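The data blocks that follow each hold one structure.
In what comes next, chain A is part of two complexes: it sits with chain B in the first one and with chain C in the second one.
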Partner chain A sequence: MTTLETHYKKIKDLHHEEAVAPGTGLCAGCGGLEGLRLGLKELGNDVLICNAAGCFTLLSVYPFTPLKGSWLYTTMGGPVPAAQGVRDALDIQLSRKTLTEDDNLSIVVVAGDGSSNDIGLGATSAALHRKLDFIYFCYDNEAYGNTGFQLSASSPYGSSTQTTPSVKFHPVGAELNKKNLFDIWRAQEPTYIATVSPREPIDLSNKFAKAKNLVGPRMFICMSPCPTGWGFNPKDTQLIAKLAVDTGIFPIKEYFEGKVIHTKQPRRRLPVEKFLETQKRFSHLFEPERKSDVIEQIQKTVDKYWEPYE
Partner chain B sequence: MGIDSSKRLMLTGNKAAAWGARLAQVEYVPAFPITPQTEIVETLAKWFADGTLKGKFTNMDSEHSMFMAAGAGAATGVRVFTASSSQGILHGMESIYTIAGWRTPMVVVNVSRALATPITLEPDHNDIMSVRDCGFIQLHAETCQEIFDFILIGYKVAEDPFVCLPVLVNMDGFYLSFTREPVLIPNEQKIKKFLPEFKTSQPVFKASQPMARASAVFGGSTYTYFKIQQDLANRQAEEVFLKTSKEFEKHFGRFYDVVEKFNMEGAEFVFVMSNSFSTKGKDAVLKLRRQGIKAGLLKLRLFRPFPATAIADALCGHDNVAIIDQNLAPGMGGITYPEIVASLYDRKNRPQNILSVIGGLGGKDITEGDFLSIIEKLKSSETKQPFYLFGKKDEENFERLQHLAISNKEAFQS
Partner chain C sequence: MFRVRLHGRGGQGIKTASQILGSAAFFSGFQAQDFPLYGAERRGAPIVAFTRINRQNILERGPILVPDILLIGDESLLEDIQAAPLCGADNFTAIFINSSRLPEKLQENYSLSTLPHVLDITSLCVKFLDNGSSTSAAIAAVGARLLGQIEFPALKEAVELELNAQGINSDLRKKNIDLAEEVFQLLTPMEVKERPEKNITSSKLISSEQKPVVLAAPIILEPGNMALRKTGNWRLDRPEIDYEHCNNCLICYARCPDGVIGIKTDGSPEIDYDHCKGCLICAQECPGHFIKTVKESGSWE
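Presenting the complex of A and B:
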């Protein structure tokens, strides 16, 4: 059973109005941007995005913005406290009746996985503790993308990044496992957490539609295939996003009222290498010779995750 | 006038700051504790909790977050106050630069405390000097009355449409933060006449007014444009400060110039100082004058924008000037010294003898004897700079501790 209210059943049902206009400084085929585009359609225009340093900072380059809502660039570790400041200031004015409810804003943090898992996590944890009323959108491209794809705490085991290259003495590339941000957030019992994929637009849109009407911290992690950093042809973004879900590498789920539910559980999981082999960041696992131990290790981690649910 | 209806309270520097914020009708205070500032935010927390102050007090998780929330609150149209010190300023540095660039008006109090390492709680000015170049306006206070008054004046300057910048009011930790002095607190209605409720002169975040703020820029020239704007606004604040100060005088009877001249008439030896230690300097000047030594003092008050003309005007015509920096840029010396020297460079009758003095580090007192030794130094032909106020006695004190450290180690090893 799923607790997800199904506003939408078909793609056709989704909002036709766009909240992000085309023509941004981001790469063609950016999976995270597609996730944000779909999410903002649900949230509407009365939003303020507090942005962390990262790829998406290039959404607003003076004098252009593709957004119908508002934007505030902050710092790599500061978007959440900025959201706190804006929320507090709006609440003060609402309670004094110097601001009408019509003029109220939803505060949305847009931050990459590096900001979310690393430099900004302390401040985010503090906001979860304060039960800040906001929406957090983490586009997870599994590295520091904007600086040229270095390791973040979200980079998966076995991926090569600029700072964890696969070399003779470290053939695996990244030797650490991806941080479990979902569970870290969950420990603080926010109102809502969901993982979403641009390849599952209906699931994504339903989750945003649901979160929109809740109060308190509402957290999203969006699987964000990154042609530039992951090394694939931009036209394959959706395919790769789909493989991430179908192999079980990226579980699509939500946390609400104390329970975690998989909203898109793969029926029969594909082997992880179907996903790995599509991207240059994993090519060292296949060439010059196959690193079966590493691939097996990745498969084992995925199997272990799904064991209780299958 | 308003002067009559003032009440006189005995307040510490910290309490004077809290009263300043309270009577400025601040609406939002994001806060984080640090000695010796904590009393300010504790006092405000109580006033918000018991309804004396309306709005919101938010306990933040760090100064990085606190300054960010402060800037974002101000960008959303409320009157913001916060306070910090020392390591807090360093920890918040990235946010401090960021919000200065957002051009959001607010007042921040810094309670000066020396920076680690070594760690200490006592004051000097390396913390406030570290944010010298961030774009905030800086006012340095000598007395508890100045702290209170500068907060009121500070909001008016910060919120002026030609300025739109955060204002930092500085006081010395311990020497002023925990020293009780009589402070005249004008009545609330009078203050409201001078500083009405906050009405933003900038567009602020609200649904009917979508805007992008702090967007990325490329190509250097756009960046330069915004930076020059920030510089011009900051420079403009000197005139706005003077205008506001005159208005303040009309309401409350106290006038503050950008610098303060103390016994400068005919002074042959001038001490340049700032903050609470100026009181020690003034005391020394009076004693020296009684001994027939023509001493005077120039107190720095508005430190950013830097009032170069006023400083040069005040110092020209005096032969010997000692610039006492309670800060140290290792490898360079005192931080205000080169700024003051530069302001004199194109003056024909500039002082011939300018001494850079480093003193009062980490709360170290500047004594009467120190002022005498500065005069001796100015009289001597020795040109070695800077002159450290660290004498034989200080050396002996340190050697005693060093011996203890060594003997402890030997005792431990045997």
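Presenting the complex of A and C:
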């Protein structure tokens, strides 16, 4: 099933130099930070990060920065327009020879699922239309995590958030389905799209290594288990990232040259409840009584997704 | 008025403790105010919460700068310059520290002006809840007991109310109430030295002169300087690599979100304890279980 070009086969092959210094104020066990750390290792230090407001606001807190490259902080809706502005400025300087090719930077947008699915999507769509040359990294923890875990368009059906708790008249919690950002992006045919998981460092690094040498919009969605918002012990971050893949809830795939390929397809999918039961945000599906219809509905959605591929 | 300031780490239940204490005071006929200080820090990072308790209406607002009671839920905070839990404490301030050490030793080591009240809350939480970091009910019980003006039934009602609001199930609420009762019995009320109330006077308006914008423009000259901020004291447990058995597979290195596991020249992994936040992913993910976890207990002794 794997047809990904492989630069790396073993963990030992990965770059040893860290691109994100420790000391950040992000939660212990943050899945998104792990994704960013592995991704930036691959992209190197000649990057300019346009960071949308979100959890990763805490990456750089004046006068400190964990990054070796540059950082531009923007509003939640603004990282992609910022990326366009910086790209244009660099291109103009390069064409006027006021900057040399050595001074060139890759532009990386770092945004959460709230910015990516809701507030910043319009501007992203416009940039995809213009074929802006940039890399987009969306850390998807399926809610507005930084402000206390409120519903975003990425919050899955059946999950409890601050704004959609399981209550008498809305026992399910979030009643809407998660937006399919991958396919929304794909409709505009960017150069490259990939979903990545922090639990699959080799797959993740290979995808970044591949995207690095391409031109045009290159998009990443990173599954980001969130101990604080999802309600689990931080040590289980990677375990939950693994279960999301093994149950088929989070498909690991890439889109390149018109084709979608699953780079890590589970051989035998586990039932979705193996994933759901690990987190407090789904605990209302099991207690005080089991909501079998909701769990079945989630399973059906996952089954329907995989049907054409199995 | 009693001003209680609570210090702890994110995820420890310090905010909830301030709420329980506030509710318990309210059920005992007091007026109460409780709130945390919201900042950009999270699980494991220093957290501050406040409770004001008074017989009359409380008109005072904002953070408590000079506390009457300091409840410190994590001893390692005393060494944290940014958390500075002792800030504003004076001879009137009663200090409580969650620690397994003797009060005299703590007083000497941290140069405290008064002898602190001490109880090993973490061990009690492990005993009652099987979780050393769910300290909300226990810390609130300490506050209620030290004050000496809140009876246990009011505390019990408050624990029930606040934990229910957090979605804690009845079985765990019961265990928390038992824990609170145990704490209540282990401590005796302190001698309350009520601070003379100060009259609040209006302050003068200060007008500042216009300076060039560049003075305030944030410029960071050193890339990667975040490493100067040590997050090692966020840890409740410490991962330790058993080098005798470690086969250098480096899975821990790949899986550490903060990138604090480096690779030594001989190819073996090494944990940077200055920055390790203690998420324990490494211990969980080590295929051979060669990383063990040890409870943190401060760096002195």
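In the analysis below, the second predicted complex is superposed on the first by the 307 of 310 C-alpha atoms of A that agree within 3 Å, B and C clash if a C-alpha of one lies under 4 Å from a C-alpha of the other, contacts with A are read in each partner's own complex, and residues count from 1 in each chain.
What we mean here is this: a contact is a pair of C-beta atoms (placed from the backbone, for glycine too) under 8 Å apart; a residue touches a chain by one contact, two chains touch by 3 or more.
What you see is a predicted model; the values in this text were computed from it and never measured.
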{"item": "Contacts of A:His16 with chain B and chain C, given as first, second, both or neither", "value": "second"}
{"item": "Touched partner set for A:Pro201, first chain B, second chain C, both or neither", "value": "second"}
{"item": "Touched partner set for A:Val172, first chain B, second chain C, both or neither", "value": "neither"}
{"item": "Touching partner for A:Ala126 - first (chain B), second (chain C), both, neither", "value": "first"}
{"item": "Which of chain B and chain C A:Val108 touches, first, second, both or neither", "value": "neither"}
{"item": "Which superposed partner A:Ile193 touches (first chain B, second chain C, both, neither)", "value": "neither"}
{"item": "Contacts of A:Gln93 with chain B and chain C, given as first, second, both or neither", "value": "first"}
{"item": "Which superposed partner A:Thr75 touches (first chain B, second chain C, both, neither)", "value": "first"}
{"item": "Touching partner for A:Leu285 - first (chain B), second (chain C), both, neither", "value": "neither"}
{"item": "Contacts on chain A seen with chain B and repeated with chain C across the two complexes", "value": "45, 57-58, 60-65, 67-69"}
{"item": "Complex contact set, residues of chain B against chain A", "value": "27-28, 30, 54-56, 58-62, 64-66, 68-78, 94-95, 98, 205-218, 222"}
{"item": "Complex contact set, residues of chain C against chain A", "value": "10-11, 40-45, 167, 169, 218, 220, 223-231, 234, 249-251, 253-260, 263, 272, 275, 277-281, 283-285"}
{"item": "In the complex, chain A residues that touch chain C", "value": "11-12, 14, 16, 18, 20-31, 33-34, 37-38, 45, 57-69, 165, 198-199, 201, 227-228, 234-239, 280, 283, 287"}
{"item": "Interface residues, chain A side, partner chain B - complex", "value": "45-46, 48, 50, 57-58, 60-65, 67-75, 77-78, 80-86, 88-93, 96, 99, 102-105, 122-123, 125-126, 129-130"}
